[in-house]
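Common to both upcoming complexes is subunit A, partnered first by subunit B, then by subunit C.
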Partner chain A sequence: MAEHSRFLALLAVAVAAFALVPRLGGDYAIGVALNLLMWIALTQSWVVLSAMTGYVSLGHAVFFGAGAYAMVLCFGSLPFWLSVIVAGAATGLLALLVGYPCLRVRGPYFVILTFGLAELVKFVVINVEAALGQFGRLLFGGPGLAQIFYVVLVLAAVSVIVTWFVRRSRFGAGLRAIRENEEAAETLGIDVARYKVLAFALSAIVPGMVGAAMVLRTTYFEPLDLFNPITSFTIVSIAIIGGGDDVPGPVYGALFLVLMQELLWANWPEVYMILLGGLLVAFVLGVPDGIHGRVAAWRKARG
Partner chain B sequence: MLEIADLSAGYGEAGVLDAVSLDVARGSITALVGSNGAGKTTLMRTVAGLLPVKAGGIVFDGSDLTRAAPHDRVERGLSLVPEGRLIFPGFSVEENLRAGAIAPHARPRLAARLEEMYALFPILKQRRRQPGGTLSGGEQQMLAIARGLMSCPRLLLLDEPSLGLAPAVAQSLFETIVRIRGTGVTVFVVEQDIRSTLEIADTAYVLENGRIVMLGTAADLLEDPQVRQAYLGL
Partner chain C sequence: MKKTIGTAFAATFAGAVALGGFAASAADPVKIGFSESKTGLFAQAATSQYQSYNLWREQMNAAGGLDVAGTKRKVEFVSYDDQSNPGKAVQIYEKLITDDKVDLLLAPWGTSLHLAIAGVIERYKFPVVGNTAASVQLRKLKAGNIWFPTSLFPDRQSDVLAALLKDRGVNTAALVTNQLPYTQENKSFVVPALKKAGIELVVNEDYPPNVKDLTAVLTKVKNAKPDAVLAYTYPADAVLYMNGAREVGLNQRVQVVLLGPQYDFFDKIFGAARNGILTMGHWTPARKDWPSARTFADAFKARWKTDPDFVDAPLAYVSVEILQQAVAKAGLDKDKLRATIAGTTFATINGPVRFEGVMNVALPTMISQIQGGTQHIVWPPKERTAEAIAKPAWK
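Moving on, here comes the complex of A and B:
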């Protein structure tokens, strides 16, 4: 219980600090903080499925993009906040529908399947838009940057809370048991099919809502951008750099990545991707348990 | 308590079990023995619901389990300790045990059950904070059995518990099985170590090429010339 109250207090302080950014900082500061919160929200959601169960999704961009598309379809007819909720419901439902067949395969097959699924949905949306005679949609008259920021701040907080409580629940213990040994988990009475599909749906809702909010920032809907596989790759990279199957990993990873982006992008834009790729290789080879694993080991050593 | 009637099962098209029938009496230690490839593990996996039944039926405590999902079978009091132990290597010993009580009916008894398991296997209490993967083979088998008992089963299925254990460790394992029966749990064990198994079992079945070829009290089978020649090398 003490652990929960300390976590919630820390979270409240962090949310309050972020809430001050639009009041104190300019558009640049808001942009950087928004970027950070977005990656935290996306990666926390990914952790619930992939870090806990070991079913690595390389297609989480599909939920980001589908949420953005839901926002586009609602745009003008529903209020902003309601559209965000609709987007979350839609991507959760999408995950429930595709989850059952997808989660029957394991290991590399699941990885490739999620990647393929994201590409499939992307091209379906492109073709639907073409059939509708739409080639990139402009979204004028949406909410301002500060309003988008507050929505993504709430989503990041929600994703952190979800990861925290799932990680400490019976459900989370079941998900981690599936990762350790799925057959053993089944013999202990864990309904593995249901657990995996629920985790998949849970990991899809917040990314859909984040996509819905973020598409309004660019005021332009282009499927190739919103379903960009780089989004999926970045989520996995942040999770690897951050490490672990708990709340701190994605926070460390996103902080690290966003700082690097700002530093490298500003100073050496031409080698930014090369450096990022090099860092990822270094982490996988040298720090397989990520920043979180190193911090935990360091704390333990200090007693 | 467990009645298996004309059970056929296997992997894909290939049939492994051919019309197997056997009964496990309440409160007994019942053994199924046989050589490699006889179909012993297939039978255990089918009873636990990990493999579908092709023909025949499984009845447990009067209710039909033939088509029940694995988690339903755990809920009704059946627990399998799988071949090769399959403990969770990254979980601590205590986390492994807690995961064993994840079924809804086992949750309220978790704390008490954990103490019972530590009393039954004191070595696990000493190692409670250690990752399961760092235990020795014998300790891992104890952990796997304790984890299987955490769901408070009425029938415990043990699949090759002595596999890969040093003879002395295996011997203490067989003694543990007798102690488990003493706590009121019925035990159905599949083994290749036929002599040790027959020494602790009440009833035994001999499986060969997916068929039951012999059955009787364990004491009778130990004295049976055919068994002595084919399986005990006497």
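Moving on, here comes the complex of A and C:
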């Protein structure tokens, strides 16, 4: 219990600190902080499914994009916050629908399937947009940067809370049992299929809502951009850099990647992709248990 | 005495410092920001835009600097790679405005990225003269901080093209279209325009932007035996069209390739095979009434050892010419600059430019054709620099 209250206190402090950014910082600072929160929210959600069950999703961009598309369809007819909720409900439902067939395959097959699913949905949306006679949608007159920032801050906090409590619940223990040995988990009486589908849906809702909010930041919707596979790859990279199946991993990973990206991009625009790639390789080879693993080992050593 | 000398020395020193300080601030460079598509889907096509920007910067600096309402200041560029990604371009323009605090902005490459940054520059009320883009959408939204010097607006282009096809005796046509915004918008206007002109559309197919092979769809076109083929391409897939059309043997005398044949890289790949291809474009150094068009083409060739393309290089240069003339008049104040760009007639290498809304109303819409390694305007008749020819068979 003391662990929970300490966590909640820490989270409250972090949220309060972030809430000050729009008051103290300029638009550029808000932009960077917003990016950071976005990746934290996306990766925390991914952790609930992929780090806990071992079912690695390489298609989480599909929820980000589908959420954005839901926002596009609601834009102008529903208020901002309601559209974000609709987007979350829509992507949760999408995950429930596709989750059951998808989660019947394992290992590399599941990885490829999620990737393929994301590409499939992308091209469906491209074709629907073409059939509707839309050529890249402009979303003028939406909420300001600070308003989007607060929404994404709330979403990041929600994703952190979800990961924390799932990790420490019976449900979370079941998910990790599935990761270690799915047959054994089943013989222990865990409803494996239901658990996996629930985890899938749970990991889809926040990314959908984040996508809905972020498309209003760019004020422009083009399927190629919103369903960009790079989004999925970045989530997995952050999770690997951060390490572990708990809350700190994605936070460390996102902090590292976002700050590094800003630093390299601003100072060495010509070579930043090369440097970033090199850093990622170095990380995977040199620190396979991620920043979280290192910090935990260091703490243990200090007693 | 000693003291006087000391004082005089100090005074001189202070004066020198003050003068030096003043001179430094007057000569502070003007920071101009933009994003470049150095990598990704548009990289190949976007090069000439960057070359025009740099040619202009070097010309300005060689002449002592850019005239900012009477003061000459050197030009300095701040640019980042947007990876041909609209989301990235948005972040870059946000950064250029709020973090790098640039004095002026130039446009990114292509309609997608122009549409993407329209929201950011609207939010910060930062005027940007666009170049390699046109969209009916932005015209409808009445955006107030972006302008398009081109006359390649999809609706007008479609009407002009339909008239040319009719003149070439076309009764049936096949249309294949890339699913990117600009080509899709063109498609949505050309379909009714063809119908109005009495031209029957026998094939109408879309393909994804990162397509790797067009043979299947081109075989379908061949089997339909249309009089004309309209390939609404972006530069990368225009290469696929050319190869595919030759392979399956599309020997239509009228073939339109929307975006691709204008570029120098296309010339290097296909050479004489480009001859007779109809394409979009409203600029050619062959126009005698635009004398600076030839000057620009020569300067570009001298600097980059390659000819400018016929769309992006001149458009990029036109956009900086407009900015240059507006800044000479209005300085760097955003509101004055916006009013000046919106309300002045500019002299450019593409003739006079005058904006009404987001559009340049001084330049009629035209269709061009590759003839003998260069590009000529072939339609409408009063604008043309050469008669349209029938496309020779593939070799």
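Everything below uses one rule, namely that the second predicted complex is superposed on the first by the 303 of 303 C-alpha atoms of A that agree within 3 Å, B and C clash if a C-alpha of one lies under 4 Å from a C-alpha of the other, contacts with A are read in each partner's own complex, and residues count from 1 in each chain.
Simple rule for what comes next: a contact is a pair of C-beta atoms (placed from the backbone, for glycine too) under 8 Å apart; a residue touches a chain by one contact, two chains touch by 3 or more.
Just so you know, these numbers come straight off a predicted model, no measurement behind them.
Judged by the touch definition given at the top, the superposed model places A:224 against subunit C, while subunit B stays out of reach. Set against each other, subunit B and subunit C touch different numbers of residues in subunit A, with C touching more.
In the superposed pair of complexes, A:27 makes contact with subunit C only, with no contact to subunit B. By the touch criterion stated above, A:289 is placed in contact with neither subunit B nor subunit C.
By the touch criterion stated above, A:119 is placed in contact with neither subunit B nor subunit C. By the touch criterion defined above, A:180 reaches subunit B but does not reach subunit C.
Shared interface residues of subunit A, touching subunit B in one complex and subunit C in the other, do not exist.
Subunit C contributes residues 39, 79-81, 85-87, 90-91, 94-95, 97-99, 111-112, 115-116, 118-120, 122-123, 135, 137-138, 141, 143, 179-182, 184-185, 188, 206, 208-209 to its touches with subunit A in the complex. Of all residues in subunit A, those touching subunit B in their complex are 170, 173-174, 176-177, 180-181, 183-191. The touching residues of subunit B, when paired with subunit A in their complex, are 48, 50, 69-71, 73-75, 79-82, 86-91, 95, 98-100, 102-103, 106-107, 147-148, 150-151.
Residue ranges on subunit A touching subunit C, taken from their complex, read 26-28, 31, 35, 123, 126-127, 130, 133-136, 138-140, 144-145, 217-220, 222, 224-226, 228, 265-266, 269-270, 273.
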